[in-house]
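As written, the chain order gives the labels A, B, C and D, with residue 1 at the start of each chain.
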């Protein structure tokens, strides 16, 4: 009975192996119940046998790991004097571990951890052949069946679209421009992500094939018909938090609403900016008015978001800024004012501010000097000797 | 291939870092900001704004702003004048140039007898700068091409951007050329006024270049053969 | 169009100060036809008045107006000054002063470019129209920072003389007070012996004394000292009224100068070792009457490295403060809204501002922080 | 066919060796008999059994200690003091180490990273609670009447600060432990105006104006007690010295004054003279008090817009210009 079901499972042709990954636990239940005696009777391929052995080994290993983790959680509860139930929560475990073994390593991935084994041991691909060693997938011998299946599908779609287009031309119907795919805000997933999706390692040149084929697909006038297929492989270029996550202003004791933007950074300057509404256009930078900046260009930078949103006379600004030089400080305050003003202007003005780049942090920094060069880019004057 | 690999490493990082192949701190899909209000209005009107609705945008640089006094050509000119990164000084020189132009023009304005004459005098220095640049913009230039061991000066058309660059550079060069006793703003004011009048040394330089192109028209085919 | 704009800018504030209705004439809102500063009052604040060309030459040909403003005058084709509230305040004080009491010292202070020198010029005009004898030093720090010539004094042991500076100041004095000096019958109280042959006898006119100084630059400094004494005596006796105007007064109390006691420029002297200093400190003393002193302290009167504050106590030092005390400090503020609008309208009227796109004045106000000098600088290129 | 199939690499070496003798289950390899193809054994070598026995026998290593730990044990007894991480004694499956994505993080055995970081395994919350409980019997009740900061300051105005050091040297005396700092609020000393001024001049920069605190640091003597005695002596001497008035103190000049007094200054002379200008004989007019205080404020507090304005108002009033 068990055997039958197992065989069925193994025989079941898995045609669409696009993202067919089974997690190891699942996989364990299947193979652990196999009585290996049947291998003696049936003519089983060597590869199949080896595979099953490895699978069983892995399964047992995972089992012990799971067991150990379970006991470890009980031990942890005992050490911390807590009820074991609360350590069902992974966050609590992390908290306890960071208490017992505090580490200040910069990368959080490098710090000590105690995680369930499923999280630690990478996922693996399931069997792609039956017990006689016959491959399920027709592209199995390309060694990258999922990848080539993807290309195959894309071309299939393209052919379908061509046929559809011919049909439409025969009926003298033209494509509705409103339906055209708008893909300017997204791009193809990169090679790493594609590899994760396909569970296969691919070469850069193969990634390029993928991009070319997909680009041809979206250039097709009827590409909107396969939008679902395309969307799987696109990623958005930006997150919408700047526009959507606008903080609500607080109310101070004078009844004015205000927003404080912390961590306004530009070059080596850092500061915080408070925008008060309604105001009269007063500006206070480190306790001084706009004369804090001697140069016109810096003053213009402070003015920029205010005149852009036409809020010059309607808000008061307070800024504390330190580090860096005048232009860096002015840039930091400019960003702070723009971020603070989001709460006091309409949504379309916020959108316009984004088009003007006011909400974008300027990440550019001084480029370091390189050894063997005179500066960041400049090379030493070449001398024969 | 190298480019591809580098591109991939970039995405896996959380913060933008210096890349080996292109030095930009922004990822390649970032586009330049549209910070002038009228330019933005034009984009909205033409509907092109929807194209950039979901595209990340770079922050404007420190010499960009949406002030009514901001002029793209002027800020470019300031950059051409600037030496050794002293932008404040360059701005001051530009401002002094404009001041001198204005003084000269206003004096002329007051000297003018009739209303008609007065109306013809351009007082706005920024307009004069624009006129001057338009007047000294070349449309052709020569580029050396080596054929059979001989270098030929081959006339080629130049892009709009490049022609603006050349015009500005010539103006600045002409203003620096004189004796070292007179200040740059003084010379530049005269150069700009001359060029705006379609006369003067810089306009002559443009004509010289065009004449050279004309003389070398026989070599024009070397551009593609 | 522009004129309409400017009128819109000015109108709302008119009611604030005006008590008397101005005669309806075809005059821009930012101007006043009242050209005589004697008649200026609070209703003229923020407006421009015109100085007659000849008078300007008479009063300020040797200095008194900032060089940049002289340029503006040339470009604008007219010499106009704004009536600032601080000038009106001092005028009101002068009108209320009991001239039998010791002189009152007014001290203008303020940031760079706030309009101290321009207010001084306005007050000089006022003094001239009011019949004061003007003792006007256009910019005292010039003597100590950029002396034309210096040499050891012939009459005072260990002192340094600035003959050319002294003589040119005497020319300035003479040109400002020519009418007054020639008309008045004021005589000298005592005989001054300059050398064995030269002397100015008691009873001769003041102008003779001045002329002597101009002709014999060697004695110019001593002439100035004598002149100051004589002016004090004459004023106390009630023969003339005197107005002392000194710009950059704090330079008299600096710790150092660029005047040297030797030709090799090794040993700089302190201001009190310069013969020109004492007479002007003397005339700003309180011990005379029938006069008024308007002084200003300037942060740029200090030598380069010590410019921390523009406040009078810091700039004058303890000595200078005690010399002047009690004085009336008057702060030159930046433009208020009304003065700023008036200034902008004036510039637009004079075609000095060419870019009048919407919101340009707001931007200028922000960028200049309403500082008059900064505003002028910013307007240079727009 | 499998992605990254090297399973053995997943199990740390140490663990593997441990398992060898104690695992109950037989190895999977041995149970599978390959009988579908018989190989001709020409040389008549012996079977696989013998081949296995030829391998060197691994040493007897007991399983790690944590395998036998009960989950309700007394952890404080297992890990009583500060100690470097030991994988066999800690019953937690912790891991540490940076690896690329899709790789396994190294486990706790033979992991130098885990040994490098500090740990608080000896100070878990239950252990702390237990130790506090144990220490309680040695505590005395907090003295009454000293609950608040003010009370403490009132009864013990002098703060005494010194440091003791523990270090690995043949001598037990660290030279730095001799340094003694004494802190005291100046207001606690109850000095009159003259004495306060003199005291401040005597201690110079050891006085902090903002906190009204004096700080005396002594490090001249080799022993802490000596330094302490010296500091106390200094304090006493300063106190008494500041209270004596010497003869020469009466000849204090204007420049020696610690604050500006209008009555001793030129300002009094000039303003009185200005006010009395032209007045007959003995009728003297004194400058108004308002003016005096304004001048004093201006000089003592330093000038600012507010003080200058006040001064201006008072002068205008005094000269009758208002």
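Definition applied: contacts are C-beta pairs under 8 Å (C-beta built on N, C-alpha and C of every residue); 3 or more make two chains touch, one makes a residue touch a chain.
Everything numeric here is computed off the predicted structure, so don't read it as measured data.
Farthest chain from chain C (centres taken as the mean of C-alpha atoms): A.
In terms of C-beta pairs in contact, the better-connected of the chain pairs C-D and A-D is A-D.
Centre to centre, using the average C-alpha position, chain B and chain D are separated by 58 Å.
In this assembly, the C-alpha centroid of chain A lies 40 Å from the C-alpha centroid of chain D.
As a whole-number value, the distance joining the C-alpha centres of chain A and chain C reads 70 Å. For chain A, residues that reach two or more other chains under the stated contact definition are 296, 300, 303, 307. Among the residues of chain B, those in touch with two or more other chains are 67. Of all residues in chain D, none touches two or more other chains.
Pairs of chains meeting the touch criterion are A-B, A-C, A-D, B-C, C-D. Only residues 36, 39-40, 43, 47, 49, 51, 53-54, 56-58, 60-61, 65, 68-69, 71-72, 74-76, 78-81, 97, 99-103, 107, 109-115, 120-122, 124-125, 127-129, 199 of chain A touch chain D when the two sit together in their complex.
Every residue of chain B that touches chain C in the complex is listed here, in rising order: 67-69, 94-96, 98-99, 102-103, 106-107, 109-110, 123-126. Considering their complex, residues 1-5, 7, 10-11, 25, 28-29, 31-33, 35-36, 66, 69, 71-73, 75, 85, 91-98, 102-105, 113-114, 117-121, 124-126, 129 of chain D touch chain A. Interface residues of chain C facing chain A in the complex, by the touch rule stated above, are 359, 362-363, 366-367, 369, 371, 378. Chain C meets chain D in the complex at residues 93, 96-98, 100-102, 104, 286-287, 289, 309, 311-314, 322, 325-331.
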